[in-house]
Structures are given as C-alpha cells and as structure tokens.
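Below: a set of structures, written as structure tokens.
What follows is a pair of complexes built around subunit A, which joins subunit B in one and subunit C in the other.
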Partner chain A sequence: MKETINLSIGIFNEYFRDKIFYFIFSLSLLLLLSSFILQEMVVGEPGKVFKDMALNGITLFAVAVPVFITSQMISNQIQRKSIYLILSFPFSYSSIITAHLLAALYIIFISIVSYGLLAFALILPFEVWVLPIIIHAFLSLFLGLLLSSWAILFSSVTTTTLSALSTFIIYMVGSTFQTALEYSQQSGNPMYFVLKIIGYIVPNTTVFDLKPELIYRLNFSKSILWLAPIYSISAAIVLIAISSFILSRREL
Partner chain B sequence: MKKLILIPAILGIFFSVDEFYRIRREKPPESILYVPKGKYVKVMVMNFREIVADYLLARALVYFGAHFYEKAFPYKWLYNLFDAATTVDPFNREAFMMGARLLTVRDVHLSIKLLKKGMKYHSNYWKFPEMVGFIYFFYLKDPAKAAIWYDKASRLPGHPPYVPSLASKFYTEAGKYRAAIRVLYNFYITTKDKRLKAIFKKDIERLQKRLMEVER
Partner chain C sequence: MILEIENVKKTYKGKKKVEALKGISLSLKTGEIFGFVGPNGAGKTTLIKIIAGILRPDSGKVSIMGKSPFSPEGKRLRGFLPENPQTFRNLTGREFLNFCANVLGKPKETDRLLKMVGLEDAADRKIKEYSKGMLQRIMLAQSLIGDPPLLVYDEPLSGLDPIGRKEVKEIIKELKNQGKTVFFSSHIIEDVEELVDRAAIINEGRKIKVLELGKPANFTVRYFIEGKLFTEKVNREKLWEKIFYIRENGEIYEIKPTEIQLEELLNEGNN
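== the complex of A and B ==
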C-alpha cells in the first residue's frame, strides 16, 4: 500500500505541472471573477451569483480534471512507453491503476480546496457561507473519484482523445439518466424496469449535486452525505478491478 | 483476497443506487435564478436582438405557465423577464400587451409600469392607454383615472368606438360631465359612420341634460 501511495505521489507531481491543470484553474478563477460583472448585469438576490459561481466552479473541477487529466493518465503512459518503467518494479496492475486514481484524487482535492477558499472569501461580504461550500466540496470530491474511475477505465482501453470524450459522454449520460428514469416511471413506460437495471451501471451523478438545496436552503436527506461516498468508493473499486483486468490482458 | 473486495463493492453499488431511488428531493421554489438586465443584453446580442427578445419572451411565458396552477405563486421574476424582453426589442408591441395582462396576476402597478414603458416607444398605439384605463377601472376601482386613460386612448388613431364611449361613461361615474361630453363630441365630429353618429348624438344630448340638472 505504501508503495502505491509513493507511486501516486510521483504521478501527482508529474501531472500537477501539466499545463491543462493550470488552464482549468485559470478558467475557474475567471468564472469566479466573472461573477462580479454578472452580478451587475442581472437582476437577482444579492450574493446569489457568487454562490452559484462558487458551487459550479467546484463542480467544474470535479468534472474537468477527470475529463482532461485523468483520461490521459494510462493511455499517455502506454503511448510514451513509460509504463514499462513502472512495470519493471514489483507493482500489480491494480496498484498501478489505484495509484493513478489516487493521483487524480489529489489534484481534485487540492483544486477544490483552493477554489473553495477563494469562493468563501468572495461570498464573505454577503454572508458567512461555509457549510454549503464544505458539503458541496465533499460531494464533488466523490463525484471526481467516480468520474476519474471511469476515465481510468477508458484510458486503459483506448486513446487519450477518445477516453476524454468517453468520460465526458458518461458524465452527460449520468446527469440526464435520472431525468429519463423519472419520466419513464411517470409515463408508466414498460422500459422503466430495463432503465432501472441500466441505472446500476450508469454513474448516477445527480446525487452529488445538492446545489439547489444548498443555495435555497431546502431540506435534503442527510443520508446522501454517506450514501454518495459509499456509491462512489464501491464503483471505484469495481472499475479499478475491470481496468486492471483489461490492462493485464493488453499486449503492451 | 483482492477479489473478495469486489463483493461488498458490488453490494455497495446496489444498496446505494436503491437508496437513491427512495430519496425524494424537494424542488427549488424558483426555476429562475436571475434575469439579465435588458440594457446589457441589448448591447451584447448585437444584431440578434429580435431572436434574443423572443427567447426572453418565451422564457417569461414558460415561467408563467409552469407555476399557473400553484396557489398564490409570487412570480418574483415575471416583470424582470418582460422588462428585459421589451428592452432588447421594444418594437414588439405584443410583448408589452402580453406582459401587462400576465402581470395583473402579480401586481397591477407593474402592468401599468410596463404599459407606460411601451407608450414611450409607441406613442400612437391606442391599446396601451386603453389597457391602463381598464386596469384602473377593473382592478383598482378608480373610474376617474380610468376615464383619463380611456380619454387618451380615444385621441389616438385606430381606436374602436367603445373607447370614447367608456371614457365618457367613467367620466360620468366620476361626476365629470363636461369631460364626458367632450370625449363623445370629439368622436362624434371625427367619425363618418352615420349609425354611430346617431348613437353618440343621443348620448351627448342625454349628458347635456344631466349637466344642466346638476348645475341648477
């Protein structure tokens, strides 16, 4: 386990210097700063724009890091042949995959924390809004873990571009699937049971999104706070197993 | 050993997904977070003002319709949406009319505000002052003010005969007989319809008799 963590720190250091990470960070900062202009240009409750931008920026990291960074990890290692270097050490395939996933998680964690602190400082003139940011950051971290697991899976079977695209598509499907499921249930469509079974496979990204509840201070089931991590970690374990199996069978 | 971890992981997915299905989430009170200010949108959309204004108008109508069956829904953003739509494209007269009609559900003063804004761009359109007059009479129970606005509408081209007739009726209700006669007389001398001339002449004579009775 210690070796896996050491390897993940090495991978993290490599990707933390990546230009794309700074691009995502600058984009989020721009998003946050644009709320000053947007606040002036729209009619709404004071501070609402800042709150929305704060929470959406956090989600942006949880989605953009898996799509643009994690999806490159394995496929880049294979393309650059640097995976041979790792394989020369006594690492199992699952350790390699886990180390990459952990590295992605470090990047997401650092980005979310630094962005969250900035967002908190910007909202401070309107109100002390700490707990909603913490709750959203916590859930977004697990959303990042879930999407990164999918990104790693795609990255171990296909090229960089295709895995980035697949990760984005799986996120889109996960975001809209619940609505489709609700509609099919309401309309009494016989496809509902088929969709429900597919629902166990497709990532349910909507549960990580409590933005309306946090912004409007609505009641929400507190069980989401422990169910979402269980879901995310369980899915990550299964996806790591599939990815390691695929990687072990690949002719590198 | 490693393979055994998969069993609780798969069970974890099934358990959490099943629980997610059970959780019922509250809907936010408003589907609209903010409304852009028309003056900024007008600059940003360049030559696509009409289409953006149509989108804003559609958004306003959907917003109204989506909450129509909710009891006493406050329609917090309805005026802002119509204001933005009519600022971006002030030449769409129907947008002002639609907005004014729908805003009566929220606050009739906002309807009047929107119609007065419309009058700045369409000073010769009789429907705007007529609608203001109607709001004063029907919602605010103020026939004196209603008469003034119907009077204004009766001086604009294209108005139907009921406009001066109602102006006169409301002036009479408010006890302003001279003003009531003036409105009817203005229509009487301008209309070429003989049937209408006869009707209005009768009304003028009736009001003149009443005025004489009151002044005695």
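== the complex of A and C ==
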C-alpha cells in the first residue's frame, strides 16, 4: 500500500502542475469573483449569490478534474508510451489504477479545500457559513471519486478525447437519469423497466447534490452523508477492478 | 544464466494478426553485454517488452534468475529503458528519480545516480526542458535504481546525436565494468559491434544467429603446399586441425580472423 501511495504522489505531482489544472482553477475563481457583480444585480437574501457560486465552484472541481485531468491519465500515457515505465514497476495492475485514482482524488481534495476556504472568506461579511460548505465539499469529493473512477475506466480503453467526452456524458446522464426514470414511472411508460435496468449501470450523481437544501436551509435525510460515500466507494472498487482487468489484457 | 528465453511466441491479435515472435530462444550469461539486432518490425521491441514484464507471450518461457519477469521479484531483478522514453514531464530530474526510488523502496540512491549519468547540474530542471540525450540519461539512471543485475534497454542509442550516443555508450561500458548484464536492442550495427560481447540477429520474429563478436568464428588461412599458394576460410573449431595439416605438408603464409559483418548477416536474414 505504501508503494501505491508513493506512486500516486508522483502521478499527483505531474498532473497538479499541468496547465489544464490552472485553467480549471482560474475558471472557478472567475466564477466566484463574478458573484460580486451578480450580487449587485439580484434582489434577495444578501450573500445568496456568493453561496450559490461557492457550492457550484466546488461542484465544478468535482466534475472538471475527472473530465479534463483524470480522463487523460492512462490514455495519454499509453499514447505517449510513458505507461511502459509504470508498467515495468513491480506492481499489480490494480495498484497502478488505484494510484492514478488516488492522484486524481488528491487534486480534487486540494482544489475543493482551497476553493472552499476562499468561498468561506467571501461569504463571511454576510454570514458565518461553514457547515454547508463542509457538507457540500465532503459530498463533492465522493462525486469526484465516482466520476474519476469512470474516467479511469474510459481512459484505459479509449483515447484522451473520447475518454473526456464519455466522462462528461456519464455525469450528464447521471444528473438527469433519476428524473427521467421518475417521469417514466409516473407516466406508465413501457420503457420504464429498461430504464430501470440501465439505472443500475449509470451512476446516480444526484445523491451528491444537496445545494438547494444547504442554501435554503431545507431539511434533508442525514443518512445521505454516509450512504453517498459508501455508494461512491463501492462503485470505485468495481470500476478499479474492471479497469485493471482491461489494462492487463491490452497489448500495449 | 541470468536470463533464459525458451521458445517464446507472440501474435498480436488486432484487426490483422501479426506474428511478432515465432519461437525465440536465447540465454544470457552474467556480466555480458548482449546485443539484439534486427531491422524495424523484426520483433525486438516485442521480446524486450516481454522481458520487461509489460507484454505476456502466447507461449514459451522467460525467466530472470529463475523468476518470472511478470512477478514483483522478477521485476526487481532488472532495470528497464523503453524505446524513445517518455515520462513525467512536469517533474524535475531529481524529483523524477526520487519518485522512482521511493516507489521501488530505495530512497537514497538519487544523488549517486545523477552523478553517474552526469546530470547533477540539470537535476533541478523540469524534464520537459531536457534534450533527448538528457532524457535518455535520466531514464538510464532510473533503470539502475535498486542495483538490478540485469539491464534491459530498447534502442538506447536511437535518435541521439553523436555526443549523446557517445555519452550513453560510455555509461553502458561503465555498467559492464560494474559487472552488470546488459541486454539491448538496436538497428545501428556499428554501435552493436562496438559494445557487445555477443549478439543475436533477429528477423521476422525468428532468431537467425547468435554471434560472439569478441571471438571471430572464421579465419582466412593462406598457405603454400608444394610451392602453390592456397587461400581458405576455416571455421574456428577446425583451425588447429588445419594448422597441423599444413605444417606436415607445407608452410603457413598467414592466418587472419575473418571479420564478422553484422550487416551482411542481416542482409542474409532479410533474403
């Protein structure tokens, strides 16, 4: 395990210094700073725009890092043939995949924490708003884990571009699928059972989204705080196993 | 034997089946530099990937000091340098070596290796700023982490300028002096002739010949018998027999080793 962690630290250092990461970070900062302008333009609770932007910015990291960074980790290395070095190390394929996933998680964690602190500082003049940011950051980290696991899977089988696109599609489908399923059930659509089976495969990303509840102080089931991480970790374990199997079978 | 390869076969099963190795057998002695020569597409890289534990053969057996190259123990017994090496571009040379050393559980080797490959001054520059020669040297350095007895290098001299080639050759010679066994592939015949003790010629996935370059296999013998000059090519095994025969019947004029021309052999193989 120690060697896997050492491997993940090297991978993290490589991708944390990538230009694309700074682009994502700048974009999210811009989002946060745009709250100043929007705050002047909207009528309502003071600081609400900041809260919206704070939580959306955190989600942005949980989605953009898997889509733009994790998705290129394996495929890019295969394309550049730098994967040979890692494959020649005395590790199992599952350790290699896990190390990449951990590296992605470190990037998401550091981004979310630094962005969360900044957002907290900006909201502070209006309200001491700590717990909602922590809850959202916590759930977003597991959303990042889930999406990164999918990104690694795609990255193991296809090119960087297709992998990024597939990860984004998985996120979009995961965000809308449950609503589609509910409508389909309510309207008695015969496709409901087919959709339900598909629902077991595609990730349900809505369980990580408590933004309305947190911003408007609505009640939510506290069990989501442990069910969502369990769901994310279980899916990650299955996806790591599939990715490792695929990578071991590829003739690189 | 430090490395044994027995009847290794490999076919790539893509859209079009490619039989890359058609039953290769080789064995390497400890402390020798062994060249693996062949034209592009001969199967050199495929065999090297198998020895490096990256690609599984369809059949046959490879063992490094009795261990499978795919086992963690086997992987620790060999250092590996891939062809046209690419690695983490955003790390500095020192960070990269530290990373490899930590991963392999040998964290105190970085400075010694940087010195050995002559990259002390460039150690804190990012790898993406390195020239091809420097990249090759930093990758050579990573192959030496953990002091593995066998070093497997895929085309270590390709794409380098004359200075870069000279530097890498010096490192390989130094490794031989340290008692390492080096197995390397190349299609640059002059480099192989300069560096190796033995070489295997491979073409279209088949081994053609193994040559001992330090010891000529054939000699040109010129001699007089009854006043007539004869010129004859004699195999090393039959040389003494021939010398005794000439001494009994005539006079030896000269005996010269016949130089092995790898290029000729390669051409023979191609035909």
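As a convention for this text, the second predicted complex is superposed on the first by the 252 of 252 C-alpha atoms of A that agree within 3 Å, B and C clash if a C-alpha of one lies under 4 Å from a C-alpha of the other, contacts with A are read in each partner's own complex, and residues count from 1 in each chain.
Criterion: a residue touches a chain if its C-beta (ideal position, glycine included) is under 8 Å from a C-beta of that chain, and two chains touch if they have at least 3 such contacts.
Since this is a predicted model, take the numbers as computed values, not measurements.
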Clash-or-fit label for the pair subunit B, subunit C on subunit A: fit
First, second, both or neither for A:E3, with subunit B first and subunit C second: second
Subunit B versus subunit C, judged by how many residues of subunit A each one touches: B
Contacts of A:N13 with subunit B and subunit C, given as first, second, both or neither: second
Centroid geometry (CA): angle subunit B/subunit A/subunit C, rounded to a multiple of 10 degrees: 150
Which of subunit B and subunit C A:L85 touches, first, second, both or neither: second
Nearest-approach distance, in Å, of subunit C Cα atoms to those of subunit B in the combined model: 17
Common ground on subunit A, meaning residues reached by subunit C in one complex and by subunit B in the other: none
Parts of subunit B lying in touch with subunit A, wherever the complex brings them together: 2-3, 5-6, 8-17, 19-21, 23-30, 33-37, 40, 77, 80, 84
Touching residues on subunit A, where the partner in the complex is subunit B: 38, 41-44, 48-49, 52, 94, 196, 199-200, 204, 207, 212-213, 215-216, 218-221, 223-224, 227-228, 230-231, 233-235, 237-238, 241
Complex contacts: residues of subunit A adjacent to subunit C: 3, 6-7, 9-11, 13-15, 17-18, 80-82, 84-85, 87-91, 251-252
Subunit A-touching residues of subunit C, taken from the complex the two chains share: 12-14, 49, 52-55, 71-73, 75-76, 80, 82-91, 95-96, 99-100, 102-105, 139, 142
